[in-house]
Amino acid sequence: MKVLVVMGSRSDSHIAKKVTPVLDEFGIEYDVEVASAHRNPKKVEELAKKDYDVFIAIAGLSAALPGVIAAHTVKPVIGVPVSAKLGGLDALLSIAQLPPGIPVAAVGIDNGKNAALLAIEILALQNEELMKRLEEYRERMRA
Amino acid sequence: MKVLVVMGSRSDSHIAKKVTPVLDEFGIEYDVEVASAHRNPKKVEELAKKDYDVFIAIAGLSAALPGVIAAHTVKPVIGVPVSAKLGGLDALLSIAQLPPGIPVAAVGIDNGKNAALLAIEILALQNEELMKRLEEYRERMRA
Amino acid sequence: MKVLVVMGSRSDSHIAKKVTPVLDEFGIEYDVEVASAHRNPKKVEELAKKDYDVFIAIAGLSAALPGVIAAHTVKPVIGVPVSAKLGGLDALLSIAQLPPGIPVAAVGIDNGKNAALLAIEILALQNEELMKRLEEYRERMRA
Amino acid sequence: MKVLVVMGSRSDSHIAKKVTPVLDEFGIEYDVEVASAHRNPKKVEELAKKDYDVFIAIAGLSAALPGVIAAHTVKPVIGVPVSAKLGGLDALLSIAQLPPGIPVAAVGIDNGKNAALLAIEILALQNEELMKRLEEYRERMRA
Amino acid sequence: MKVLVVMGSRSDSHIAKKVTPVLDEFGIEYDVEVASAHRNPKKVEELAKKDYDVFIAIAGLSAALPGVIAAHTVKPVIGVPVSAKLGGLDALLSIAQLPPGIPVAAVGIDNGKNAALLAIEILALQNEELMKRLEEYRERMRA
Amino acid sequence: MKVLVVMGSRSDSHIAKKVTPVLDEFGIEYDVEVASAHRNPKKVEELAKKDYDVFIAIAGLSAALPGVIAAHTVKPVIGVPVSAKLGGLDALLSIAQLPPGIPVAAVGIDNGKNAALLAIEILALQNEELMKRLEEYRERMRA
Amino acid sequence: MKVLVVMGSRSDSHIAKKVTPVLDEFGIEYDVEVASAHRNPKKVEELAKKDYDVFIAIAGLSAALPGVIAAHTVKPVIGVPVSAKLGGLDALLSIAQLPPGIPVAAVGIDNGKNAALLAIEILALQNEELMKRLEEYRERMRA
Amino acid sequence: MKVLVVMGSRSDSHIAKKVTPVLDEFGIEYDVEVASAHRNPKKVEELAKKDYDVFIAIAGLSAALPGVIAAHTVKPVIGVPVSAKLGGLDALLSIAQLPPGIPVAAVGIDNGKNAALLAIEILALQNEELMKRLEEYRERMRA
């Protein structure tokens, strides 16, 4: 069980830093990469074809990264829109409005934490221990 | 492995009808329900606590349904915004902009097909046969 | 006659601080709570079922709180959208675009003062003294 | 206990027709008027000063009507934005974004039904029978 | 020939300060007032009925001021939307989207200078000297 | 006293047809032209330099026509945004957001009637008879 | 000198049909292809690497096609956003907001004609005859 | 081979400074001018008629500059929208939504770098050395 956290640009690393502590807290293995769908499509394609269970793709502006990864894998891809211009509306629409056939799971603008939690929820379907820890995590949020 | 397809109103059934044929095609078991987060929160809560693996929640306007289901489960919840007013922008923002802590996977406006495919991708992580069929499905899309 | 001021997150307290001084000025009794519709739906439901006359619910992003309270009460619910992302447009749409059947009274983005005044106007319908003080308050605004 | 249903233009009467059946169903007395805040401000002012308990003001475009009524009364004013242009976003912002000091309760675009229900919730605070009927109405919605 | 510069709130005075120096430069007489269409409609009505040639009305949020003035006069009314929330889009729509019958001349968001110049262009139609000075002003802009 | 009604494209003539009947009703002389700021800038420039008192420029999309006319005259220019795409938001912003120095008076989307009335208000400043007829016109609207 | 006209989906062919007649009129050679950046990225990559002089990429929703082509070529890429949802705002932002480093030339929503003309302007830089014909074409538009 | 970089106002020079270093890096000759389509249309027209190969026009608000240049030339015109108000959405729509017949190539908001690269891609079609250097530049971006 391993997650890839990939951002489109080094300037998105403040959002990646909201993702990885949550993965750490749940003991999820992950790699972190910087790879732009536009500037380095070959690297993105190679990463997408690797044997990760879930992909978390972080991108701003015309945020093609999550969709391009999804084009190369049938594993779940989670997209995190980053607010670089227009409050992030451009990135949210670019990530959410994928054409029928290639799904991406969009979370909220700059919401790296929810991307991590969604990845963990997906992985927990095959791991009872993880599911139990998610429930405890929720319990603590309520307190 | 079972999916719940729940819509906030009977008027959303044209979108549910984009979800279920894809689930059928992949042989995924599912139930279909109508339950409004606002008009019948108790029913929504009860459905959310049932033992489904993935939830697909379809809603328009102030589309609270996916978030309210997510509030009651740690299973993956996929939200489908429906274009009832403002081209569906209201529903997309209501579904995507969840607060940190409670994740929902937003797909595109009226994009029931991608909700189904995302659910299947999530389920396929624990089912090699399903994963293979997803890859074949992609192959056929390319042709 | 008692009002509940509830915010979805401690980070909304700068808006709650626009509500309570107005309630104080008019001598309205109130309680203040923090309860997230997504992170702690049980607490929200319990609060909604308490015997308050008016609810003022403050929330940003996908601001489900006012609608979820409204789902559990037939008392008037006032929603205050908070500008956390997209200038608060996401919260305004989430609060205003409730489905037919479950009303919420939306006030302007970050406009805690108007939420308080609307609550007082509602309460003043059964309290002539309060009505008179509202008219004097208006008179002073004109000066 | 009497409500004024006022629309800014005869062309808004399809929305007024969503309001009055609900008021009828609950046995609420009401008057219906057409009065434009821009074309006939004197009539609007006179109506606003009459002894109604709640005002429901329906308007599209630059929907000044609810705010202008609110400027002349300390009774609760409910505004219903009508989708004439831009999907009703212009009217929603005109109604919701009132300045601090003069509150208006905005409901959703074209959502005359919720305006009626909100008015009834407000009136029910001083009428136990009405409150009971609202609860029964909710009960029926759940069924 | 006299202009009224009226703002909805003292907080709009930074925009009024873009208007008056231009009027001064062209030797146009003017008064400056603060009067809110919502908080002090009577004062707005009285000002609108005074014998000014052109009205410049400055307002943010649900910027009803220009339309309310226009409702009480058949003299030209220029509206200046102020960016208080949503970048001023709310105010621009509130000012521009007046209903057929009551015209207002909207200028750009925060663009007090153009409001002044438009007023002068209108006044210059009956004053050749002013027209000549406008042409010289344009000439200098080109340099 | 003469008005030029100019539209950017023959496809805008449905809006011009809202302008001219009002001018006719008030006995205002006018010419009607089709001239695109982008396809025929020379013609636009020539028209702008003619001796009209007021210009009414009707355009959709990137509605440059009103601003380009304003660039060539110091007479008042009224811009009417046409809803061709995006509900007319593109045209409204293109017309309203002129840079400081070159004013244009924007009216509402597709609101040819208000453009005509604003032109008449401007002309009426130098014509008492016209002013009186405007007041009578308003009186009739109130009835 | 050859142009590739590529659309993301057969449903975009009504826009392609605005492109090709203009290319025909100017005697420009071209190929037409359907290839989705998301459903068939390999085909898109292969097309992008072919020896075309200019690419015209037509796509709606999260319109990644122009950017993905641009990622694989240093030839000019023109993107045409198609109005499928939200009036085409999603596609316009997806095409225009490319990250620094990978340029795409966006034309207007559904504006296939301008894509063709822009391609011809680019090609005409190395073909005097074509340049002359463009000038004649403009001349005819003015008439 | 020469490019004109023209901005609508001196306040746009921070964006021009993203354009010229890229042109320098590729050894492209260029001139830089400040000329407003609204304040100095004659200068804009004269510049547009000069013998440049590509025009890069930078403008905010109602960004007419690129379209007005395009109206006077059949050379490629690249428009760079500047974020002055509304996050630059006004400028993007003004530049992108040109009417059929007069093309402009819009790049992203404030994205001067892509304007330069697009110009170079266009020029490289007739210059193999330049094409090779573009490919090397891309190669370096990937590293």
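Just so it is clear, A, B, C, D, E, F, G and H label the chains in written order, and each chain counts residues from 1 on its own.
The criterion applied here is as follows: a contact is a pair of C-beta atoms (placed from the backbone, for glycine too) under 8 Å apart; a residue touches a chain by one contact, two chains touch by 3 or more.
The structure presented is a predicted model; accordingly, all values stated were derived computationally and were not measured.
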Neighbouring chains shared between subunit C and subunit D, ordered by label: B, E
Contact-pair overlap exceeding half with C-D, pair selected from A-G, G-H or A-H: G-H
Euclidean distance of C-alpha centroids - subunit B vs subunit D, Å: 35
Chain centre separation (subunit E, subunit F; CA means) in Å: 18
Inter-centroid spacing, subunit D versus subunit A (mean Cα positions, whole Å): 44
Sites on subunit D at which at least two other chains make contact: 39, 61-62, 85-87, 89, 96-99, 101-102, 108-109, 138, 141
Pairs of chains, among all present, that meet the touch criterion: A-B, A-C, A-G, A-H, B-C, B-D, B-G, C-D, C-E, D-E, D-F, E-F, E-H, F-G, F-H, G-H
Touching residues on subunit C, where the partner in the complex is subunit E: 83, 87-89, 108-110, 138, 141-142
Touching residues on subunit A, where the partner in the complex is subunit H: 39-40, 42-43, 61-62, 85-87
Complex contacts: residues of subunit E adjacent to subunit F: 18, 53-54, 74-76, 78, 92, 96-98, 100-109, 111, 113-115, 117-118, 121-126, 131, 134-135, 138, 141
Footprint of subunit F on subunit H - complex, ascending: 8-9, 36-39, 41, 45, 60-62, 64, 67-68, 70-72, 85-86, 89-91, 93-99, 101-102
